[in-house]
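Given below, in the form of structure tokens, are the structures.
Presented sequentially are two complexes of subunit A, the first with subunit B as partner and the second with subunit C.
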Partner chain A sequence: MIKTGVFILFLVLNLSAIAADDPVEFKNPELQKRYYALIEEIRCLVCQNQSLADSHADLAQDLRNEIYSKVLAGEQDDQIVSFLVERYGDFVLYRPPLTKNTWLLWFGPFVFMLIGIIFAIILIKKQSTNKAVPTELDEVQQQRLTELLKKDIKRDKE
Partner chain B sequence: MLRYLLPLGLFFCLVIIFIYGLQHDPRQIPSPFIDKPAPAFKLSTLHAANIDVQLDDLKGKVSLLNVWASWCVACRTEHPLLVAMAKDNPVNLYGLNYKDTREDAIDWLKQLGNPYIESAFDQTGKTGIDYGVYGVPETFVIDKEGIIRYKHIGPLNKQDIDNIILPMINQLASPTS
Partner chain C sequence: MIPELGHFTLILALAMAIIQTIFPLAGAANGNQAWMALARPVARLQFLFISIAFGVLIYSFLSNDFSVAYVAQNSNSLLPAIYRLSAVWGAHEGSLLLWALILSLWTTAVTFYSKRLPVFFLARVIAVMGSVSVGFLLFMLLTSNPFERLLPIPADGSDLNPLLQDPGLIIHPPMLYMGYVGFSVAFGFAIAALLGGNLDSSWARWSRPWTLLAWMFLTIGIALGSWWAYYELGWGGWWFWDPVENASFMPWLIGTALIHSFAATEKRDVFKNWTILLAICAFALSLLGTFLVRSGVLTSVHAFATDPERGIFILILLGFFVGGSLLLYALRAPSTIKGGQFKLFSRETLLLFNSILFLVAMLTVLLGTLYPLIAEALGMGKLSVGAPYFNAVFIPVMAPVALLIGIGAIVKWKQDDYKRVARQLRFLLLASVVIGVVLSVTFFDNHLVRTCAGIVAALWVTFTSIAALLARLKHRQNKLIALQTIPRGFYGMTIAHIGFAVTIIGITITSQHSVDLHERMAPGDKVEFADYQFSLEELRPTTGPNFKATEAVVKVEKNGVYVTDLHSQKRIYTVRNMPMTEAGIDSSLMRDIYISLGEPLDGEAWSIRLYHKPFVRWIWLGAIFMALGGLLAATDRRYRLKVEKNNAALVEETAASLKP
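Entry: the complex of A and B
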């Protein structure tokens, strides 16, 4: 009984925590969609592995407000993004642009995949050459085989 | 032989990459402001709501702009160093009081000393956003023309001040630079 009570209490507390992050309402659903898409794409600088949409940090709230008023004022997505990049650098973007600095970030995984594939091919080739056993029997082996078979047949007859 | 040396070699490559990675603080995000003009601001001063302080007030001398707040715990460790630095060196030190209340901030300065020529009162944090502030305290070195030359994120320590900040101010202040 107490357990259930505690559980319900936690649920209620949890709900109030969610409610602290007021959902933002726009009159125009198009703008609302753009706003939510934007805050998903921008990284919170205080808690770096969260987007602005996820973060409860003070700065995230300020930046959300900033983006909200900019969307309302009719600014385009790229204007808002460049406003943030000018101030916080490419780091605020979850998908940073392709530049000299981010080359490794974008293509590094493919380079490592290529190295892996090359290794795999070399290993497979090595193994298959090691296991190459001659399929034909030479004369001596053939003779032994017939002898063994004959013995077997004899034993069966007995 | 290669069978054993190759994995060992790869392992050491990884170790070197990890050592390199560990020496870099992921919170130190390179500022896009270096060698760019400092964003203009015009705010009331912390002590008087009817007096303005603006970027132009900083120009003409090499300045430090230190972003601080009374609620900021790390600022407390940095502050005595700023007080000492301002006492021993003729530094053009301005403060940007970030998302604070006048009352708390003025109390804080009364308790711990006021090293700033003036503190701008950025209650909404808008100027903070313009300067890309995300972790108080932050310190900007701004040259005579109002160009940002350096940004330090987090509290300054004695080494930072003696080995980076002060030499940089002297170098930027010399007429040849």
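Entry: the complex of A and C
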């Protein structure tokens, strides 16, 4: 009964009979680790902004299969990555490679940090030449302060 | 007729916003009291009109008025009523209306809680906020009118994006916008201070609680968004470094820098220019975030209903407000720095480094978010910048923050003796390292270095926060009374810092020790995973109001003892024919078990993903602590109304003496 139900549901929903989300099996845990690490860092090209690991799209499944068979065939990570880059360009990589086009991207944060620290040092040096704010109150201010304090004490008592 | 009422009140609101901008500003310039006095009532009227427009849009959704294009595009007669309500801000036009509503809500709140503000200053604040409102209302009326009619009237609507049909999405956008737009108050205060030339520590005191509140809302909003992505996108991830997430995270980073910089400006009268710049920057990033999300320049899973042409309008707005305020800053910021002095080793220095680090963190996120755009514009080809990049560069930038929090809470203002601090901290440092290492080695057997670093950092932040609290009790006779006299702001800081530690624990352990299994399962199959046994009990068809689904029931056992039944659905929303995964989650403080139903395979089998995510709840628990800390600090006694009234006379007097 359930079987029929599920089957009918397939027809109704027009789900493709070809699986788009095939689980993969590994005998070697080392290969498995590499496979999952790879599909996390490769972009699904037809999706909005998802990695192969996250995507249910058919193209993502094809690419996963491709990577799976390459990993099993004993190809190294960089071989697989350069295969993908050759086919789809750098766009496919979520970890952009360090090239002359991306050195600003990769070193930018550390340049920002350096500028920030220099800026902070300048600011600290500069303030040491600050004119100190007068710490003594003049007569009028002193009177005002006493009044306020009195008021405060009175309020607290209430 | 009713939608036209909404349109009409929006136009009235624009008129109010224009008056609210021009008259108080002109009044403040030439001392015209009557013009300045317009600020309060006109701002409230504007709020009233936008509220009516908002109410009309809600009514159009609830009554399934598909003659309104926006309703037809984002609702359906089968959509449950609660999602028809949240569909109001489910796409572009409605979220802009929500933006405008929240802006006028903040403005109105300022009009009510501003009794101690000098009239000149208040008039300028309200006017600046009014000018932002003018921009957004114009944008809405010219390019994105939510009340536009549709002819011929469709029989039914094309439904709300199924991703958004979720309880989390009812409150996530309003919270996020409360935060985003809340920084407009700090912006208004900063610009008003620049215009009036009254950049003193009282400016910081007026502005600070508003900023804390906005920051609190933004914290909640971001945490809700992350939580929603976690259970709704069906991948078990909680942060994707997606451009839209980054768009809300950047104002948060600068907001965090800002609330800390305010502390130094208010207490010690230092970094005034710096604080002003941060306030401008926080609001600029809110506008930039709106631009990034709404313009469609960046592809993202979250970018719903984007339109490049509208982007240009927001870009002009962004240019106007950022350019204008920076120009004003350049012209009016005091060049000679007056204010408190401090030595190199002091809390001031540490707070300065805090804001520098958060600024650098923000710039890093900004760089990574915009780099693909810049690269493409410069003809360097298409490239992607994703999570691997952000994790690699963001964590090193943020790591010193954890170290500095611990020191900052203990070091005194103005000047401290590093030997004294070292004496006080070396034991805590030793304790953090020893306990951290012992915990990591005891409970985990891989990724030890990173796990250990995260736990040590979290312990260090927690221990030093508690030590700072205890230091305040040290020389007091009656500890209980002493606890009561500690200002609420201090508790707020302590709780928020401990919240930061809780989030560090959550992030560290979840990212290092989550495991998942992608399995092919047919009814009756059983798998062993992460010390639990999962058996697929049944697969059954089911239906909802506007979707059909297959539901998997998975029994979870641990060593033969029943734990729970998890239900995960693969839904097809019939109107848009869009598949969605509804994850089955069993959550507890120490771990989540998470299953998500994949796709049908041959025969009766389906692919199912199983996840074991230790400590994932701590990520959001920490955010709740941080938000609570923000709330406590914002409601500190010295900001509250009672005190305001007592000092009102004095403030008016001071203001009178400051009149330009």
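Just so we're on the same page, the second predicted complex is superposed on the first by the 84 of 158 C-alpha atoms of A that agree within 3 Å, B and C clash if a C-alpha of one lies under 4 Å from a C-alpha of the other, contacts with A are read in each partner's own complex, and residues count from 1 in each chain.
FYI, contacts are C-beta pairs under 8 Å (C-beta built on N, C-alpha and C of every residue); 3 or more make two chains touch, one makes a residue touch a chain.
It should be emphasised that the depicted structure is a prediction, and the values quoted were computed from it without experimental measurement.
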Based on the superposed arrangement, let me know which partner A:48 touches: subunit B (first), subunit C (second), both, or neither? both
Which partner does A:91 contact after superposing on A: first (subunit B), second (subunit C), both, neither? both
So in the superposed three-chain picture, is A:59 touching just subunit B, just subunit C, both, or none of them (first/second/both/neither)? first
Between subunit B and subunit C, whom does A:75 touch in the aligned arrangement: first, second, both, or neither? neither
Chain touching more of subunit A, residue-wise (subunit B, subunit C): C
Give me the intersection of subunit A's contacts with subunit B and its contacts with subunit C, in residue numbers. 48, 89-91
Which of the residues in subunit B come into contact with subunit A in the complex? 26-27, 29-33, 99, 125, 129-132, 134-135
Within the complex, which stretch of subunit A touches subunit B? 45-46, 48, 58-59, 62-63, 66, 85-91
Residues of subunit C touching subunit A in their complex? 233, 235, 237, 240, 242-243, 269-271, 274, 299-301, 303, 336-342, 344, 349, 352-353, 356-357, 359-360, 363-364, 367-368, 371, 375, 380-389, 392-394, 396-397, 518-520, 523, 538-541, 548, 550, 572, 579, 598-602, 604, 607, 646, 650
Please give the residue numbers of subunit A that touch subunit C in the complex, ascending. 2-3, 5-6, 8-10, 12-13, 15, 17, 19-24, 40-41, 43, 47-51, 53-54, 56, 89-96, 101-102, 104-106, 108-109, 112-113, 116-117, 119-120, 123-124, 126-128, 130-133, 148, 151, 155
